[in-house]
Structures are given as C-alpha cells and as structure tokens.
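Chains: A, B, C and D, in written order; residue numbering restarts at 1 for each.
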Amino acid sequence: MRRLAIVTAGGDCPGINAVIRAVAKTAMNDYGMEIIGILDGFLGLIEKRWRKLSYGDVSGIITLGGTILGTSNKANPFRFAVGKRGEEAEFADVSDEAVANFESTGASTLIAIGGDGTLHIAHKLSEKGLPVIGIPKTIDNDVDCTDFTFGFDSAVATATEAIDKIHTTAQSHHRVMMIELMGRYVGWLALFAGVAGGGDVILIPEIPFDMEVVARRVVERSRRGKRFSIVVVAEGAKSVAGDIVVQRIIKDSTDPVRLGGIAELIAREIEKRTDLETRVTVLGHLQRGGTPTGFDRVLATRYGSRAAELAAEGKQGVMVALQGQDIVTVPIADAIARLKSVPPDHDLIKSALSVGTSFGLP
Amino acid sequence: MRRLAIVTAGGDCPGINAVIRAVAKTAMNDYGMEIIGILDGFLGLIEKRWRKLSYGDVSGIITLGGTILGTSNKANPFRFAVGKRGEEAEFADVSDEAVANFESTGASTLIAIGGDGTLHIAHKLSEKGLPVIGIPKTIDNDVDCTDFTFGFDSAVATATEAIDKIHTTAQSHHRVMMIELMGRYVGWLALFAGVAGGGDVILIPEIPFDMEVVARRVVERSRRGKRFSIVVVAEGAKSVAGDIVVQRIIKDSTDPVRLGGIAELIAREIEKRTDLETRVTVLGHLQRGGTPTGFDRVLATRYGSRAAELAAEGKQGVMVALQGQDIVTVPIADAIARLKSVPPDHDLIKSALSVGTSFGLP
Amino acid sequence: MRRLAIVTAGGDCPGINAVIRAVAKTAMNDYGMEIIGILDGFLGLIEKRWRKLSYGDVSGIITLGGTILGTSNKANPFRFAVGKRGEEAEFADVSDEAVANFESTGASTLIAIGGDGTLHIAHKLSEKGLPVIGIPKTIDNDVDCTDFTFGFDSAVATATEAIDKIHTTAQSHHRVMMIELMGRYVGWLALFAGVAGGGDVILIPEIPFDMEVVARRVVERSRRGKRFSIVVVAEGAKSVAGDIVVQRIIKDSTDPVRLGGIAELIAREIEKRTDLETRVTVLGHLQRGGTPTGFDRVLATRYGSRAAELAAEGKQGVMVALQGQDIVTVPIADAIARLKSVPPDHDLIKSALSVGTSFGLP
Amino acid sequence: MRRLAIVTAGGDCPGINAVIRAVAKTAMNDYGMEIIGILDGFLGLIEKRWRKLSYGDVSGIITLGGTILGTSNKANPFRFAVGKRGEEAEFADVSDEAVANFESTGASTLIAIGGDGTLHIAHKLSEKGLPVIGIPKTIDNDVDCTDFTFGFDSAVATATEAIDKIHTTAQSHHRVMMIELMGRYVGWLALFAGVAGGGDVILIPEIPFDMEVVARRVVERSRRGKRFSIVVVAEGAKSVAGDIVVQRIIKDSTDPVRLGGIAELIAREIEKRTDLETRVTVLGHLQRGGTPTGFDRVLATRYGSRAAELAAEGKQGVMVALQGQDIVTVPIADAIARLKSVPPDHDLIKSALSVGTSFGLP
C-alpha cells in the first residue's frame, strides 16, 4: 500500500483542515493510500514525529479552524535553530536528516501546505530529491501563479465584519477610527476588506502614502459633515517620506519594547495634524481564526483533492493553483519566484478611487 | 449634465445596494453625472416612477441587503399583465411606452442589474434602441460568460452556515437531515454549499438522481456506524426515472395545495425504503437576505464602477463580467444565449466524489 | 470512587455539551467522581448502552452544538414502543428494567438534562427510587420555576438573525413575509425573537388571533406606505374562531400529507383577504443547531456545575433553576406541575404593543 | 402636546438605538408625545443642539449599532472643558445653562441613556430640578440595582466569538494566547466571556492575581500535553504584588507613549518566567460595535417602553432596572451609590473554578 505524507507549516489560517481532509479522503477513497500526518510543521519532519491518519481522523473537520497536525513558524530544515532558548541562537542545516526522516515514513510524496516560506522550503527539499507537491495557503494571498490562496477569503470575511463593527461605533462619535490588518509585504487583505468595509482611506505596502494627504482627507470629510472616517491599514504600510516607521525602544538587551504598530503611529500623526480624536484597533490573531468561509472550504477541497490525484500520478515539484475557473498545476519554482503584490493599476484600486476611497496619494 | 438611470429587477439578493452605490458614486465622482433610480424594477419604468439619487442616498449602503430602489419579479414590458387581480390575466406589450418613459428621464444609459430574466428584457429593450448595460446578479450563478454573478457567494455563505447548524443537531439523533436550497434550473448553489457543508449526498438538476442509490447511500452510512446523513437538494433536482416530481393537489380551482418541495418528496421515499427517520429544512428566502459577504461587496464594487465607466464611454448592449481575475465586457446577447449550468465533469464534482459525496448516481 | 451518570433526552439544543462538560469536570475536579454517559437518551438506559467519559472527552466541547451522548425523542421507559417499525406500535412499561440498569452502572445519581418530557420521566423514575437531578433544557423556555432554560437564548439568536435576513429581502418587494418558529404550546421564542426582529405581527399560542385583524393590520401598513410586513408565528398559534387549523390530507393509510404549517395557512388567508403577496419561511431545525450563545454557555456552566455539587451532596428529586441572579434548586415535581406559558400581561407583551406590534387582537 | 427629550451619553454600545426606538414609539403611540433628540450627548444640551424625531426616524433602527443621536464621552455640564485644544484645559460649571437649555426644548422629562458617568450627571441635573429618568447602558454591566445593563450581552457575544477564533488558531501552535477585554474597574465582561470561551485563566480587577501562579498554570497545562492556554484579561486586572502596572513612557511632554496594556505586560512576564511563546490580542472597540443580540434588543425594548410610560406618569429621578424577570424602577441615587463589581463568591466564579479555570490565585 502506498503512503502519502502531509505537512502543514507557517502561520495557520482557516481551511487547513479542509485541505487535509480532502487530500486524505481522496487518497484513501480513490487510490487506497495510507496517510501520514507530520506533526508541528517541518519540526515534526526534523524530530521524526508523525502519525497515521485514519478516515475517522479526517472526518467532520471541514468546519474546523487551525490544523489538526499542528504547525510551527520557525522550523526550517535548512536553517534550524540549535542551542538553548535565551542563548544566542545558532543555526544548522538539518535538511539531510529531514529527507532521511521523510524516507523512513515510507511515503512516496509529501504534500506541503503552506505560504511563501513553506513553499521555499518545499522547493529546496524537492531539489534534494524529496518528492513534494505544494498547496498555497495564506491569509495574505501573496503566492504567485494562483488567483487565490485558501484562507484569504476567510480573513477578508473576518476583517470585513470587524470594519462593519467599527463602523457602527464610529458613527456615534466624531472620530477617526483606524483598523490595522495583517499584510507585512502585500496589501491584498487590507484592499479587499477595506473596499468591502467601505473604508475611507486604505493604506497598503504597495502604495506608499503621503501623511499630509491622509490627514487632509479625514479633515475634509469632517468639514463636509461626515461624523467619522474609517482608515484601514496593512501592517506593512509605509509613508512616501519614510518618516513613519514602526520602531522599538530598546530599554535593555533582553527587553525591547514595541512602540505600537503602523496604525498607532499614523493615529498619532493625525492627532498632531488635525483636531480629530483617533482610535486604533489591531485585529491581530482574529484574522487567522474561526471556521473557513464556504468559498475557502470549496477551494480547499478542490486543492486537496487535486493534490492527492497528482501524488497518485507521481507528479512532484508542482503546486496546485486556481487560475480563473480552473485548478491547474504550476512549478513550485515559478510560484516562489516573486511575492504576488497588488499591482497599482489593479481594477479594484481604480474602482475604490472611483467610489471615493483614498490611498493617501496626492 | 448627463444622466444615468439604474434599475434593479427580479428576485433580490445581497449586494444590489453595493452595486447601486458603486455605479452612482463612480458616475458622480468621475464623470459628474446625475443618477436616476427607477423604482420597483421595470414596473417603475412602465409606470413612470423614479427618483434622483443624491450622494447621501448611496452612502453607507454597502452593507445593506435588498435594494433601496425596490424590485419586481413579474413586470416585463414585453408581456405586462393587465386587468384586475383575481381575473384571468391578459398580457400586453408596453415596451414602446417603457422606451418612451426612459427617454423622458433624460438619461443616456440604463444600468440593468438583474439575472437571466432581467437581462433578457434588457436585451430586447436594447434592440429597440434603449442603451443598456447589464450587471449579472443572482444567487443561482446561472448567467453565462461570467465566472460569478454577485449574490452567489453570499447565498453560499448563508446556506453553508445553515448546513453547519443542521449538522450539529443531526449528530445528536439517528437521522437523515435534508436541506432544500434554491436552484430551479442549475445546481451551483447546492453544489458549493453542499461541498462546503460536507454534505453526504448532493442532488442537483444537472445530475438526475437514482432514488434507490440515494436510499442505499444513507443506509450504508448508518450501517458503518455514522449517526446521520446530510442530504443537500437543489429545488430543481429530479430523479432519473422521472417519478419523483413536485406536484400540487388541486382541491378546487382557487386553492391548489402544494404537496411539498422535492426535499419532502425524497424524504418520504427514504422513509419508505429504509427505517431511517428523515427531517426536512427548506431554507427559502433566508438565502436572499442578509448583508453581502466581503467577496460579493468587492465584486459588486468592481462591477458597478466598471458599468458606470462604460456608460460614460457610451458603450451599450454589453454586460460586465468576471473572467479569472479580470472584469471584462461581453455582449448581453452572448450572456443570455444559454443558462450556465454545472458541467457534469466540473472538477468540483470530481473532488466531491473523491471525498465521498454521492450525487445519487449508480 | 463514586460514580455519576448523565443522560440527555428529548429534542436537542445548543448548550447540552456545555452542561455535560460542566457536570463532568466539576464532578471529577472537585469530588473525584467517575462519569458514566448514558447513550441516546433513555434508550441507552433501557438498552444498557453507556460509556465512561474521560476528562478529554469533555474538554473543548463547550462550543459544540448537539450532544456528544446522543439523544432520543421517543424512548420513554414508562411507555416504550415494542414491535417492529411499520406495525401498529404496542407499548410496554420497562421502567423496572431502566432502574435496574441504572443500578448496574454503579452510579449514585443520574443527572437528567432535558425539557418537560424528560423531567416528567425523571420524576417518575425518582419516585421509583432512582436518585435523579434535573437540568432544564429546551429552546421553548417552557419549564416552570426557572427564569430560563438553557438553549432558549441560542434559539432566540438564530431566529432573530433569520428575521433580520427576511427583513432585508422584504424591503425590496411589496410583500408580507411570514416566518414560522418552533413553539407548539408556548410562545416565548416567537415573542422574544419577534420583538428582537421588529416583527409587525406576532402570533403565539397563548393569545389566539383574529384572522381579520391580522389581515387588516398588514393592509393598513401597506396603505401607510410601508413596503412590507413581517409576521412571526409560533407553530402552535391558533385563531380565536378555531377555523385556521393545521390539517393533514390522508391520501391513503400509509401516506398522510401535511398541508403546511400554521404560517402557510395564515398566508393563504392573507392572500384571500387582501391583494398582498405573501411568502412563508419555516425555520425548522435550524433553531436547534449551531454553537450556543455566550449567555447559554454561561448558564449551562452554572447549571452543570451546581448539579454536580448537588449530586455530591446526595441531593435528589430536584432541578437546578435560575431565579433572578441566583442558581437555586426546586423540586422536579414543582417544575413539571404546569408548562410555563407567556402570561398575557407580561411586560414584554405590553412593550411590544407600545412599539406598534400587533398580536392579532381586536 | 407634551414633549419628551432623549439624550445618549458616554461610550456607545449595541442597543442604544433599540432603546431610542422603544422610548419614542411608546411615547408617540401611547401618549401622543413629541420626541426631542438631544445631539452628541450632554454636549448637545450645552450647545443647544437637538432635533425633533419623527416616527420614521426611529423605525427600522432596532438592529443598528451605535446611536442615531450621537454621543460624547467628555461633555459634563458640571465640569465642562473650555479653552482651545492643545492648551491646558480649564473647566467650568455650565449646568445652569444646561438646565435652561433643557427648559427651552419644551420637554417635560429627559430620558438619559448611559452608564455610571451619565447617570451621575443625570442625578445632579435632577437635583437641580431637571426631571430625568435613567436607562442603564454599558458593556461593563457595572451599574448597581439592575441585573443587567443593555449592551453587556452583545459585548459578551462579540468577546466570546473572538475567544472562539483565538481558540482555533491557538490549537495549531504551542502558545499562550492572551486576549484583553474592556473592564477598567469591574470584570463582568471578562468573567462571562472568559467562561463562555472556555478560558484557562481569567483575570479581573476584583481578584488581584499572583503572577507566579498564572505562569505556573500555563506551564502545567503545557506539561500535561495541552498545546495551548487561553488567558482572558480585563483591562483593569492587577497583580496582588502591584508590580505589574500599565505605564507610559514619557518621551517628551507632548508625546507620551503607552507601553501596552495589561495583557501585553502579563505576556512579557509569562515569556520571562516560562519558555512558552505568548501572543496578545486586544479586542478594543470591536466590543462596542455591531448589531445588538436578541437578548439586548428585548431588554432595550422593555427598558425604553417602560421609561416612556414613567415619563408620561410624571415620574422622575428614577432609573429602570431588570430584577429577575421584572422591569422595576429604582432611585438613580441608589444605582450610582457604588459600582456593581463581581462578588468574589459569585456562583459563576465557583463554577469556573470547578471546570478548571484559574483566576490567578494561589
């Protein structure tokens, strides 16, 4: 009986369990394979921790957030931290062990479910001869060669609902309400949720903003009689001038103190430049939690089922992807060649501008 | 100052107001147009009822279900019911009046927001010289030439949440739980929500089912120790044999009594053929209600904004559509040439089969 | 080591698992007891089916709808259906066996989680010497001597959300929208959800309605320019005249056909008496499903924890109850002496009338 | 025609509009009164800003978060900030003007909807001869003499849903997840949501915690094989030793920088004392937003309707309150005599301890 291994790595997001279920059920139902679940991301591969998944293990988990296999953010076989916590970390390449461990599972293919970081590792393992198939997962939607990663739609839903809530409370006070969303390098989430939530200002990494324009914008709204402005900020947003930067105060070597994220910095600038009260909400980990949306469950099922089929066919080094209406396969190498950022001429940017949203541009 | 008219027709769905907002704001902000809202669908065009929409009228409505303009299901200018209610209806072609009335609004273009029926009317009005631009709206997702109509994703979300609720109560009893969703001619909604909700059986119009197979399927699950089965049925599902048909008892000429929808009929068959208790939930109008999902709000904004742009450019006879990542335009004539039904070889059918879902096929 | 048995019986509702968790964790943590879970309601007691619950079994289930123990609606030890399905049922008193079976579990007390029917059975078992403690569960809120049963608030939440959805679609059409909620004998659910959803008409069993008044009411709203009316109906609502009655057509002895619930009957009457289109939604099993509200989880935790404490103290024949801010105990006999129906002079009836809601009274 | 004035003051919360609607509809329907809406809290009373509310103004707002009248947090007629922003504030007593302005509205009674601060002001205005009736509003539930303020249940619902989301992502990583909820002086919200969300540790102002106990608790869970701990913290929680205190770094006189709330401080301590990764989410303004729960809409309707009735009867100086099942009236003076904090012997504390929750006590 053939075996298929699954690993889930990087930050978690809604839909991972739906993918695991689809991979495992397809592999068992259609190809009679056994399923090995690697525990806690690549850490499990390094530490030889995995377990066989039964049909029961993957039943009834389509609604479940998180990952039944666990994940780890930092365990990279090519740069694995050794030494004790607290000490200066040293890094070692343990990828040979990882490959050997994989072989000891008896699996013919590894399904790697993850975002950009995971797919980089998967690609390098693949180059070392480990047969790998990737599934693009991330709330950031920054994986190239696919229209959507799974998890993104669920994060948009959570962020949109949060902006809706902020909206109702904003209307009661004369205030600028800021909400900071995830998105260190790309702004898809802030763009989609910002448009969906009717944000008055949306700030994303791809479009550096002019602080003065932002301040003027919220003042103008106030002058036109609008009680409030909603400002949606991706955590990686930055000013054109480069002067509004997330910093840390280093009190002493062991206790750096973060001075607040970008939203808080912008809020202070707005309060300095205008007479408007400003309040900040940082959505944080809520964006990774909860049950996946219908859209994400469907996408996850399509991705997972196809990945199992590809494994059964002996394919490797590829990632499943959504292009238009179709599930296709692309070389992992292509998918990781660059981050998929928001093109400044995307029609949604244009539409947002047309309905009156500002991106902080003059 | 140029004018743009908007009409919303057919059954309502989440996202219509988001489209109205995007059309109106784009037309006002980018092209300085005035907006005329036709009231209650084509009925307003026939009865000369419309009103000017201000910027305030279309602000803050992106979250709002329904349509601020009202709609009507039955008012077709080409076949308009005349005569009193209760009497035998007679139909008249009042399309010349509709065209004349449109001209009296002073608008240069009509944005018609609707599904297949609305777009058919729009096309015929277009052939009579009324410049029209279509926007595809329906929870059924059955409009051709576009990947998605807006409203569909919201209906999937509502239906998925309903199946999730049914699921938790199903697990407490030994029962077959059936849920009937909208979809008289096409099964997109039942397919997506059925897969997202982990339905054990999904029955859609495009794949006629074998009643015996359905009954056997739920019995098998019960024998394997599963406490319950979830059966998701589109209202237009039908048996291969043609023997399971939604009928009405005619007690007397004024009071036909419906014997229940297809789900209820199938439930009775299951109870006849097995010893399993069966319960039916008909989701009904809930599927049309509520606030639109983030996905639908974004799509509605892209559609509306592009439609206003097309109107400003003097385009007509076209519909905006989503194809892959792009908002494109297609001739309305092409979009209405056929209903977009679920292709039996769609990869999602295949994936659903792989994860163990039955479509009632032997 | 002492043992505690738990049984969950009757229709399921959100919060049962939260109660099971609180009973079991309290009994294990505070009193070192073992927990026996009776399976599938009293059926498990009759058929000797139960299992020991571990701490892990009851961890992480507070959010879960349904009951991990299963339930049954019909298994009454005092009137147990024997004979094969399809045949005329005969009933036998198997309560002696039930008591003997209970004794064989080794448990000193039975925690019975259920509504009026379950508590009646519990009381009679108690009279036969089986030490029982009751916890009031039902979406109907009809158990006496307690302000609230758990499950009620969650059902109100689900029904309110449904009315909200109906509302948005109602506003788009000129229509009467009816929604039928559970409540065969009492109208708490329809009253609370009807008020919360801003229902224009609320019909409950405790206040027989005048059909003519209902019809006049929706016509008046229409005349005053309101586009729609929302009518919330408990399934047990009835007309004063007694002429609007849920019936079944008996086509032949094996296949009675229900002509629709009370909402459908009222809808037909409205359409007969007015020229208003009417649409019906029957919320059905959705009201029993889903994750419990915060309110219900807290109440369930308080109930369950107290019940375990009472069991440890050797109490029996009592039910936990909420009275004002306090969790108290009442004799089960008192709680089942009568159904708690809505008093016609309840201040919420008065408030509802004041905000313009009609109860169908002249 | 008699007039009734309404003011909504202090931080907003879900249900205010439901109260406004109930007050206004009852006063119009039952007593033929006119309604004056004071704008932006007591600021509107000071600045003579109000408007007449029509029946249409208060229709369809029961679902709406926020307040259609606006509110202000800081406008206290007895201590009103004068002078320009940025300058050192000076305060003046403008209560005589406020009373005079109220008289110029022609209203016979002022309905004051607010929390502890608002009710204090209302009481002092009442002592100056302004007839006032209070309605207890706050997400904190800290108003005395009433079982519940409206707004509290909605905040519990939002916070519980947030903890549920945190839960799913927590399960994927080995982490301590902290969530900070509102509650500067009392812990009702953190207690209810913490229990509902299955929090492992709940820290509230009424029960000072021992940092070492908290750290030990999360370590023990980790040792027992639990992947994660959920720690729910009210913003006013404090350590027994008084050493864990929210501080601000003062970089310069115009720019104090907050070092993070209590949750962040505790998180750092946990990371110092254990080897567990810790993540913080601050729920912030989300707790005040969104549509009210069914529970809150019902309570708001009962409060509002009764308050209008009291006004019509010429009552003053009283507040409506929920005691058990009844809406009663209490002197405002009694309600503000002390904050209603969580009694350490509350049965919910006991239940929480029994199901294994720690309050950070040795």
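The rule is simple: a residue touches a chain if its C-beta (ideal position, glycine included) is under 8 Å from a C-beta of that chain, and two chains touch if they have at least 3 such contacts.
In this text, all values refer to a predicted model and were calculated from it rather than measured experimentally.
Asker: When you check each chain against chain A and chain B, which touch both of them?
Answerer: Output, common partners of chain A and chain B: nil, no chain qualifies.
Asker: Need the most distant chain from chain A, centre defined as the mean of C-alpha atoms.
Answerer: If we average the C-alpha coordinates per chain, C ends up farthest from chain A.
Asker: When the C-alpha atoms of chain A and chain C are each averaged to a single point, how far apart are the two points in Å?
Answerer: A distance of 42 Å separates the two centres.
Asker: For chain B versus chain C, what separation do you get between their C-alpha means, in angstrom?
Answerer: Spacing between the chain centres: roughly 34 Å.
Asker: Hunt down the residues of chain A that sit against at least two other chains at once, touch-wise.
Answerer: Answer for chain A, listing residues that touch two or more other chains: 164, 167, 291.
Asker: If you look only at chain A, which of its residues touch chain B in the complex?
Answerer: 21-22, 25-26, 29-30, 60, 62-63, 147, 153, 156-157, 159-160, 164, 167, 192-193, 195-198, 291, 293-295, 297-298, 301-302, 304-306, 308-309, 323-327, 347-348, 350-352, 354-356
Asker: Within the complex, which stretch of chain A touches chain D?
Answerer: So the residues of chain A touching chain D come out as 8, 12, 14, 16, 40, 64-67, 70-73, 85, 158, 162, 164-174, 177, 227, 249, 255, 257-260, 268, 275, 279-282, 284-286, 288-291.
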